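Each chain gets a letter, A, B and C, in the order it is written, and its residues are counted from 1.
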């Protein structure tokens, strides 16, 4: 399918974002770009005052700005309350993804008992298991494997090569990026005589609606009962979600973070990248975890911000500080002893 | 294939786990569940006294318990030494995986010189390379790619989309989860004039028996000689095993942990998630590493428990402590100086 | 295809590495090996003096050494300036990979508007999108999915199961290992009324030449403009590169490291494994980051070495030191107070 350029008038754009246009309604936009890189025919935005220097010199045809900056725009301006949000909404107009063309590829394999809606698309080399339901408007990319007794609801995109094990349900309008694996066995083993006996993972995975799951992210099936990713959750790449975890609505987790088994993360939480959340914990709503932090205790008060780690420094001084860290408990005791000694001294004085 | 419900009498179950049944031998169980969520017809277990409150109110038909709790069970009880282990063993009865149906899919491609046992199953879109041997009872899922000169021993499952490079051997009764890549090149480069010259990785990968490898886990081929994963090892999701690593029997590594090149990990070790083991180290048997720890020195005494990191705290206080960490070496020197000063003081005094 | 053993005379080998042969020119080598494991017919090398003990007892037919060790070699010697580099160059002679056989598999699907060079190879189950260009000598392995408007330049290898989204360009002589995903959406969302609005990622991915990308590595497409991986870069397994990152020429990043959005990493940098580089930073040329370090501030001076973390210790003492770390700011204040107190004391005294 030919990739089509798209073109919109400033009037259309202002209308789409409920903005006030100051400029030529007939000018057209065919792409979005940064203030710095934009050329005529492109739309940009100012959402962060630190980029204000780029505003006066921009070659964009029009710029999305907040009221406060409207006078500073050298070209057409579309004035909105939240330029960043407006830009996000407009980005969808320029999405490069092809429209979903319904149909099942000849080289796909669909189980006889599966139910694929005629308005769904199943691509080359994809496999759909028994009793699986695929609803209207769903896009199943090439070489996807969907297990048995799965359900993929309306409008969801499953990108190339994604693997769904049996009993994985995904809600409407989700995007599952390539390399993701949903429903693999949780890491469950019982120790016995120096060896490990496998605990078969009998639950499934339940993904809500409007969830986005990044490339290479793994979400394990529950041991008993399901692993739940609630509505609106956004998981970045290479996130690991263990068995029986529950991620609350609208929470966002950045790349390479791992959440261990049976932990419950509340709503509207944000967890930065390369972090670890230990198992069987509860994180209240609106918990925020900074990058590369290990959370090993439950967080019951909502709205907290948590961190761990030492911060970066030159390797040379870091080595010295690490040597001291290992003696920190001793140092603390010596400090206390000194305080006592000096107290005695002054009282004897 | 239709997913069949399975049903067992309490007598059968008690016999399977060598337990003592106190209750109605004819009652049947068709699923496992937690004490809290179980309904009639389901079997539960008590392995951790912190869940004792759920025992009295459980609606399960029967509960696996240790002798000490046998009087407290409100329904039928199966008394065993280790309820957790018994539960693990029973979980296999309710495995949702379909029985392996021997045969090679029409859409699979098998090299002429490969040898696929007639009791093995090779699914849609799978590819098997030259001189590769696939033994009886092996399950190769859809879209798996197995390279040349590989060997997959009896009863092993290779889940959808797994990739084996050339010269990867896997022992009996293993499970390799989707997204896993076995035998990619180790990360080997020689510096030359500001650039990197590739060191071709000439070894392979050798996996023992009863090994489970999690989703997205990567195990690199050796530079010279093989990378070895010994019998009974369990690797969680997104673990990274570099070239020429040896993981000793029955060791378990949790999610997102990385082991760098040529490191040897002993037997019966447990390494928690998001940890890093630096290259060319030796970890003795029974070494235990806690979550998100960096191990950069060999551990030669068996049975040690190692950790690194600072623990979590509120971001606000953490920032202050990090500022101080950077001056820790200075603080230690100031402390020592103070001690001397006070010593001098007292001796003069 | 039959895997062929390869055989070279010492004269040929010495010539290939521009080394001086001391020994029998007609002896042949058919494999490389370590000093310890080598048997007759194999070539080894000494690059690190800590292995010198293995030199005298080696059974190798010949050893690559520097001039300083030439007298110590018990068998034939090939004397070179840099034995490690020479070994790296020779490793290519023994590469197990089959020669690329041009042709397009019947079970591959190539879009009508794609352009696949007749000297390229596209394997079973691979998919190539519209307007994509695949140049001579390119190897596309089984079950690879290449999107629309991609370009893969001469001599590049794309290993089994790799996924390229639309608008991904890869330069010459690259290797992309299995499980890698290039061009998935960057993690971009605008907050709105407690939910997240997707920011469509309109850029692509541009990979230079002679780049190697490890198994399971994910490189996201840019939000606006591209994500760039420059010539000669080496990325290990399970690395995560976020949208609009630029990795400078010849930089190397080890396993499981994540680089957040819009960060620019200079040339000739080395970043060890399990590290995190926060977004919107600049790292100067020749920056080196040690394992499991979090870099959260730009590094503008070239040539620096940076670290974070506490180093490993026994879990028992670590717990005590962590308790003290949380009071480090307090400890520092108490230390300062003590110093003042003692100063006052002495001045009074």
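Keep in mind that, in the parts below, a contact is a pair of C-beta atoms (placed from the backbone, for glycine too) under 8 Å apart; a residue touches a chain by one contact, two chains touch by 3 or more.
Not measured: the values here are computed from a predicted model.
K.L.:
How are the chains arranged in terms of who touches whom: line, ring, star, complete or other?
P.N.:
complete
K.L.:
At the place where copies chain A and chain C touch, is the share of residue numbers found on both sides over half (same) or under half (different)?
P.N.:
Different, since most residue numbers here occur in only one copy.
K.L.:
Rounded to the nearest 5 degrees, what is the angle of the rotation that puts chain A onto chain B, matching CA atoms?
P.N.:
Fitting chain A to chain B on C-alpha atoms yields 120 degrees.
K.L.:
Between chain A and chain C, what is the separation of their C-alpha centroids in Å?
P.N.:
Centres of chain A and chain C (C-alpha means) sit 25 Å apart.
K.L.:
Where does chain C touch two or more other chains at once, residue-wise?
P.N.:
Counting only residues that touch two or more other chains, chain C contributes 107, 125, 143, 161, 179, 216, 238, 256, 274, 309-311, 313, 323, 325, 327-328, 331, 335, 338, 342, 345.
K.L.:
Show me the residue ranges of chain B that touch chain C in the complex, using the header's touch definition.
P.N.:
Residue list for chain B touching chain C: 107, 109, 113, 125, 127, 130-131, 143, 145, 147-149, 161, 163, 165-167, 179, 181, 184-185, 187-192, 194-202, 216, 218, 220, 223-225, 238, 240, 242, 256, 258, 260, 274, 276, 278, 288, 290, 293-297, 304-311, 313, 317, 320-321, 323-325, 327-328, 331, 334-335, 338, 341-342, 345.
K.L.:
Contact residues on chain A for chain C in the complex?
P.N.:
Spelled out, the residues of chain A in touch with chain C are 1-3, 31-34, 37, 82, 84-85, 87-89, 91-92, 94-98, 107, 123-125, 141-143, 159-161, 175, 177-179, 210, 212, 214-216, 232, 234, 236-238, 250, 252, 254-256, 268, 273-274, 291-292, 309-316, 318-319, 322-323, 325-329, 331-332, 335, 338-339, 342, 345-346.
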